[in-house]
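Both complexes below contain subunit A, partnered by subunit B and then by subunit C.
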Partner chain A sequence: MPKSISVVKQALDANDGGEADIAMAERGPANRAEGKSKGQATGHARAGRKILPIVEGLVLLAALVAPLVLQDYLTVFATRVIILALFALSFDLVWGYAGIMSFGQALFFGSAGYGVALLARDVNVTNIFLVLPAGTLIGLAFALLLGGFLLLGRHPSSVIFVSLGTLTGSYAADRLARGWYYLGGQNGIPSIAPMSLGSYEFSEGPAYYYLVLGILVVVYLLCRFLVRSQFGLALAGLRENEQRIAFFGYKTQHLKAIIFTIGGAIAGLSGSLYAFHEGFVWPNMVGVVVSTQVVLYVLFGGSGTLIGAVIGAVIVEGVSFWLSDNYRDIWPIILGVLLLLVILFRPLGLISFVLGERERVGSFGAKIKEKPNAAP
Partner chain B sequence: MASAFVAAFEILSFGAIIVLVVLGLGIIASMMGIFNFAQGEFVLLGAYVTYLAYSHGVPIWVGMVAAPFVVGALGFVLEALIIRRFYAAPIVAMLGTYALGLIIREAVRGLIGGFYLTVPEPIGGSIDIGTMHISAWRFTIIVITLLVMAGCYLLLSRTNFGLRMRATLENPSLARASGISTPLMYGATFAFGSALAGLAGALIVPVFSLYADLGIRFLIQGFVAVMVGGVGSFIGPVAGAGVIGTLSAALPWVMAPVVADVLVFVLAIVFIKFRPQGLIAGKGV
Partner chain C sequence: MPLLEAAGITKIFGKLTALDGAALTVGENEFHGLIGPNGSGKSTLMKCIAGAEVPTRGKVSFVNSDITAFTPTERARAGMSLKFQITSVLPTLTLYDNILLALQAQSSLFDLVFSRTRGVLHDQVMTMLTQFRLADRAFDPAAALSHGQQQWLEIAMALAGKPRLLLLDEPTGGMSLEERRVTGELLQPIKQHCSLVIVEHDLDFIRDICDRLTVLDQGKVLASGTVSEIQANKSVQEIYLRRA
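Moving on to the complex of A and B:
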């Protein structure tokens, strides 16, 4: 795979022409690890490329101090936002990086939530080291099943089919959850026991907040590593021009199924955190409403950048919380109008106000030994 | 015998409703290549216009006649302002129309609140055939659906307007070279599809009553029906709608409604997976 990096890069850059190609190869090594690149960040070519780490650092800093300055009920709200940001991350991987429109991401989020709720209710298992992996596995398994079915096969599936298939899956799950008595029907499963570690119980508050923040940071770093790896490069190629990547010999369907499954696992993790945080699960959690909510976050913040998904979730939820007192009724309308404006005029999301196209796409893989301009 | 007949009538009338909803969706999807996520909200708007007429003391049928024109006009404006920008990118179009739908849905929710508002049937009562009673309004819906279907087919296949519409959608540059105003035709097609949704909403509101999430329910069923039937022709989505409508109405008679509900979707997705071109492949009317 490493050998083919430059080839795929050509595919990525074909639209921008050769210059971008060279530029990309040039900045390839530098941007890979922020710590290392600091020392070698010389020359004007790299000068404008360091906004992303700053944004990431600022967001992390804000997240770290948030519980110290916020009132208690706001910390609870902030915890919810962090969990939703984790969820947004899962959708961003699938849509922003691999170009798979998953309109049913809530299926994995909600089914994991239901799964851990059942574990807590029927088997009395609430140990954090059991329920979180269980939730992740549930999300992973559902994503593997649905993604495998929708994406694999002799004929590559059309984008429309995949998006409608995931949407339908989510809708069907919603209907099933509403009608199934065992899952609590319309009311869902109330009063789930809190997540525990030995005798310690995670209840709403700063402890839970830092727990989910820690998980978010770990998952974020893993995703960051993933999308900057050669696998991530292939994914980006997939998003930009699937056919060309297929012609290079990549099994595009497999790549898609893998990232879809990873996305499902992350959604499952966030879903189980959400279920324990809220203390109940209800059918909307698997349904179309939440599925489209996550699409909103990512489009708002900026798909194709991991931090964009996080920022989108924070902004959408934050503004909605802030406005909900006075403008509860018209907030969804405002949200719709803003979303429409973003789609029409800022397709790359809010992050594109501070982030250039080059930095958004980023660079990939290990340092390339060959001369940068030997590519064409 | 009697109950079998009633069951058949129920299935037929529900199938007709789905066909009515899908017609507009299918025309926009087939002819313009856009999956219009706001279509469910156009149905909702049609229902809302009818309710508005009723609540202001205007005869209901006036509202029903007005609904397609109001929604069609709105569709025309939206196409000119927004949808037009999306033709190059189908996925962006989905998201954009979703945002549109969100705006319409929440606006209607703001107007009516979280209530279920009922609108009486303009033709009440039942038709008695021997010992059996069937709802007169549902029967009317079936008749209107048949008329609308025939009308659409004739419009697309037999009239000058339909010919120009098809020409525009098949080969825009050639159509432009032949002196057809393509932007106008796109607008007209979208308006036509929206008007059909408005009509559907107006006709079904006495059956389902008016609530803000009325559209979502039909939207997903409609999409599945379009995919099952096959995108690209007029008759494909109609056939798909017939199949989906019949299945969703018939299966609950033989199994638990919850299972039936989900089973229809699962069957449909499996079917599309193995026959992506749908029931009826190919272009044409």
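Moving on to the complex of A and C:
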């Protein structure tokens, strides 16, 4: 970690009881004791979060002003990135929080995309209040089916079984889409009518951008609520030691199926936004390439933080865009090396440059109100 | 009617017969020690009772029902709890969250999502931590504890769900003498509401806290009885106690 960032991080950490313990553990026992007494005196049952809200606030601020400073074609690109960030969020819930290795997340993204494209093509339904819930439900239903099959056995399924199962699902869907004439075969479904609200049509540009940003913020906040609840603690247990928590009486398979289904629903929502934004869907959308892409976003940004997934999607897509413009022939190699370097040297992703382990994992205990006479 | 009755438990791994018709009976509020030389099948019997292994043959009954085919989750919900031989606290979570995780295991999904039991369980979490002398470390990550303290935390987690039967696999492994003594003290009060099956190499520790002992040798029960009966048993002395 660069020294300056590390110093800032420690200074911020030291402002709060729970975090101070970790920071001080690195500095020596005397300081540690001091930090602990402070933590106890304030009755901290929850490590305060100092860095994460700052990062989240900065990302939101940047996202809010982006269309004001970007050229039109870049706003269109940024809209696509925000939709992919929403998609990345779905994978972070499933992998980063519940430890389920889904290599088939594009199945839910793409099937929802195809679903809403068919609604628009065959029955002329483009109303936002119909197509977005429909896309979400399609993602949810596919995830429930696949998740039910892969995760809901009497005994826990192995990581390999789940990752190969999801990968196979995604691959099979890709092949199916390519071969099925009704779905447009290799070419997919082109010229999807724009999403509408009454007579208003959402076309590419700032309106679509702010729509998807609004949706991203709402979904992000819901996910944040979920992963910080007691359900989030159960997910942490699931991720760290599934067998152990089964012995406490947790129905671990149910927990996994639930979070997998929620992830599928979010992927479906993002897939339907993507289909209308791009105006067409094609077999890659359900296939292995997009499934892998979302894994990279989350690994690159940092899993298990939500904001890491968003940052990962933005940076991977942004860097690809810039590299492909400037190094037309060799940009995939440069991108590949970059990704490899981050995954090798920062296995917890870019977010780990500013976010400590304790804050990443978080604390779930009851928030105890500070007693006035117990303040330090 | 005993609380736990395991009868004719046989477990075969490939060509190895780890258990050969072993049996174990534990009454209400009884502390029962499971002893025997290395490789005698103690841990395997514990796993068959807890559901970590499915016996090849035999039957496990708990609170009058046949639980042989129950999953670990179902056994836990029936009132059985296990502390693993290898410490398996969740190292990145705080001690507080480790206990809360164990306490909330049977909360409904709705309660979990809306954190409805977070406040209610707070006192219970702190009581468990205080009882196991860990309250001052409540908000440290479990990884920061000493090995002995991690064992205590794990016993506290295993007890959090108020089980009727606690299975402890080598709770004092790797502990100092003083830590062993404290562990014995920590376990005594649970006798009022819980039975205990304990696998342990430290025979002094076993003698001090257990009411009854079962001795395994090569997958079979060599003897079972009160501590003094077992101490007087000639064949047990030959295979085991003599070496201790």
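The rule is simple: the second predicted complex is superposed on the first by the 314 of 376 C-alpha atoms of A that agree within 3 Å, B and C clash if a C-alpha of one lies under 4 Å from a C-alpha of the other, contacts with A are read in each partner's own complex, and residues count from 1 in each chain.
Quick note on the criterion: contacts are C-beta pairs under 8 Å (C-beta built on N, C-alpha and C of every residue); 3 or more make two chains touch, one makes a residue touch a chain.
Everything numeric here is computed off the predicted structure, so don't read it as measured data.
Once chain A of one complex is fitted onto chain A of the other, the partner contacts of A:240 are limited to subunit C, with no touch recorded for subunit B.
Of the two partner chains, subunit B is the only one that A:344 touches; subunit C does not reach it.
Contacts of A:249 after superposition on the shared chain: subunit C is touched, whereas subunit B is not. By the touch criterion defined above, A:332 lies against subunit B but remains apart from subunit C after alignment on the C-alpha atoms of chain A. By the document's definition of touching, of the two partners only subunit C reaches A:230; subunit B does not. When the two complexes are superposed on chain A, the residues of subunit A that touch both subunit B and subunit C are 155.
Of all the residues in subunit A, the ones that touch subunit C in their complex are 17-18, 21-22, 25, 36, 39-40, 44-45, 47, 154-155, 226, 229-231, 233-234, 236-237, 240-241, 243-252, 258, 357-358, 361, 363-366, 368.
Contacts from subunit C toward subunit A in the complex involve residues 50-52, 71-73, 76-77, 81-82, 84, 88, 90-94, 96-97, 100-102, 104-107, 109, 111-119, 121-122, 125, 136, 138-141, 144, 157, 160-161.
Residues of subunit A touching subunit B in their complex: 101, 149-150, 153, 155, 157-161, 163-165, 167-169, 171-172, 175-176, 178-180, 288, 292, 295, 299, 329-330, 332-333, 335-337, 339-340, 343-344, 347. Contact residues of subunit B toward subunit A in the complex are 35, 82, 85, 90-92, 94-96, 98-100, 102-103, 106-107, 109-110, 216, 220, 223-224, 227, 256-258, 261-262, 265-266, 268-269, 272-273, 276.
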